[in-house]
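Common to both upcoming complexes is chain A, partnered first by chain B, then by chain C.
And then the complex of A and B:
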């Protein structure tokens, strides 16, 4: 079973590498779309159908937004990266961070054995409480829905606030009146 | 090992956001980092042979013993994070579009007249 996750993750990583390194801006956006749909598949196989549906919807919208940003501006090739030396330094720094950071995963629970199931049976964790009492207390058969809409409804309210604030910012940035000629 | 692959994906996004000169590439790097973090969080809650956290409705009894499901809490929080990432992506892309209209380029080394 984990072979599937390896294959999908490698697919996402390859798509991300092509998106980072290709010259054409539009094709790198398309590669991001491929990575996003691969992520949706991996969510589906990780038994998270709600996340998979949301990821597909968000991915389609994000592709539309990104293609709108790049479609007629594709001529703007930017030759090369920054100086060769700084690229080398960045790659080395990122690799060192990666090698140091992988040690963190020793403290994680093993793959396939989530933390709430490993702990002692008597201890009442939040996930266990939601799973055993969620249907009784909220009446929702989908535990994820009962968590985001009942137990953590304020969290969802904050999410809606953040979403509408960012859309407000985008609207303010893109309105017509902002096109005032500034002589520079 | 799967966690390390997720972290590698995160590092690819970080490299893209740090090194590239194109504004849209930087946005794409941030998007890649969001994917990596979401997949890692869902993976932590995964259980081999587990079921999706959806119970069988009317009887009021769980589908199986409740501990055979995957962890529902990271899923709920990642659901929030995905929607927020769409909002922040829209904001970043609108900044990119407006900058392009003003300066005619996405190259961040060419944009030297930022005045706030």
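And then the complex of A and C:
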């Protein structure tokens, strides 16, 4: 199974590199979709079907919106060269951050272990508490739903607020009424 | 923005109801099977996006215009906020007290049934309404309003 993960990770990285480097906007958008599809497959093989369903639907919708919104009206290719200095700066910054990050990777728990798995004799950890008492306390058979809508529902409320605010901003900036007044 | 050819129109008129039903299923059974409000809302929005792409903007203006979508968005957000606050009436001291489960459903052993888990299906419904309406609004705003072009006389 780990070989499959490495193949999928390589696929995502190659798709992301092509999406950044290509000159054609349409192939760039398609490569973004391919990267999201690889992410969805990884979630599926890690036995997280909730996240996989959400990822694949959002990816398809984002692909449609990006193609419809950008391709049909703008120039469909990127022209001109990149600035040499900004490329050097970004590569150096990413390398330094990666070298710092390798120290952090050593402190991670083992692959597949929950992050808060340090258990004392008197207290249960949070993840084990959800797994053993989730059905009894919330009544939801899907343990993911009981976590995101009951134990950690305050976080979901924050997400909903972020989505609401961003849609509000997009609708206000792109609305129709103001353009009529400007035109006439 | 005009529609597509007659083949696309026929096939999408058969398929749209299946996509809509699948979105409702994903939303309603979110507390029993994988899925939930967010994925269900995205599928509901994509059925309307299919209609808009296949039949053109006029069908959308009749079925789900922008003002209705924005009101559905606000109703979903307010419903989710109301679910978080109603628990205070039942003696909770924190947000999102699962009052239906704790007060009524816990005695009846209703686990694994459709009517179970208290406020979780209601929250799923509110989130599906909110996400579906807002993503459809993103599509409408980005794809049908042309900047620089004078608005059509209506």
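Going forward, the second predicted complex is superposed on the first by the 161 of 184 C-alpha atoms of A that agree within 3 Å, B and C clash if a C-alpha of one lies under 4 Å from a C-alpha of the other, contacts with A are read in each partner's own complex, and residues count from 1 in each chain.
By definition in this document, a residue touches a chain if its C-beta (ideal position, glycine included) is under 8 Å from a C-beta of that chain, and two chains touch if they have at least 3 such contacts.
Quantities reported herein were computed from a predicted structural model and do not represent experimental measurements.
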Partner chain in contact with A:60 - chain B first, chain C second, else both or neither: second
Chain B versus chain C as contact partner of A:29, first or second or both or neither: first
Partner chain(s) touched by A:142 [first = chain B, second = chain C, both, neither]: both
Touching partner for A:97 - first (chain B), second (chain C), both, neither: first
Which of chain B and chain C A:69 touches, first, second, both or neither: both
Touching partner for A:49 - first (chain B), second (chain C), both, neither: both
Chain B versus chain C as contact partner of A:16, first or second or both or neither: first
Chain B versus chain C, judged by how many residues of chain A each one touches: B
Which superposed partner A:150 touches (first chain B, second chain C, both, neither): second
Intersection of chain A interface sets (partners chain B, chain C): 49-50, 54, 58, 61, 65, 68-69, 73, 135, 141-142, 144, 148, 156, 163, 167, 170, 174, 179, 184
Complex interface listing, chain A residues touching chain B: 1-2, 5-6, 9-10, 12-13, 16-17, 19-20, 25, 28-29, 32, 35-36, 39, 42-43, 46-51, 54-55, 58, 61-62, 65-66, 68-70, 73, 76, 78, 81-82, 86-87, 90-91, 94-95, 97-98, 101-102, 105, 108-109, 111-117, 126-128, 130-132, 134-136, 141-144, 147-148, 152, 155-156, 159, 162-163, 165-167, 169-170, 173-174, 178-179, 184
Chain C partner contacts - residues on chain A that touch it in the complex: 49-50, 52-54, 57-58, 60-61, 64-65, 68-69, 72-73, 135, 138-142, 144-146, 148-150, 153-154, 156-157, 160-161, 163-164, 167, 170-171, 174-176, 179-180, 183-184
Sites on chain C touched by chain A in the complex: 26, 30-39, 42-43, 45-46, 49, 53, 70, 73, 77, 80-81, 84, 95-96, 98, 101, 105-106, 110-112, 116-120, 123-124, 127, 130-131, 134-135, 137-139, 141-143, 145-147, 150-151
Chain B residues within the chain A interface of the complex: 1-9, 11-16, 18-22, 24-25, 27-29, 31-32, 35, 38-39, 42-48, 50-57, 60, 62, 66-67, 69-73, 75-80, 82-91, 93-98, 100-101, 105-107, 109, 113
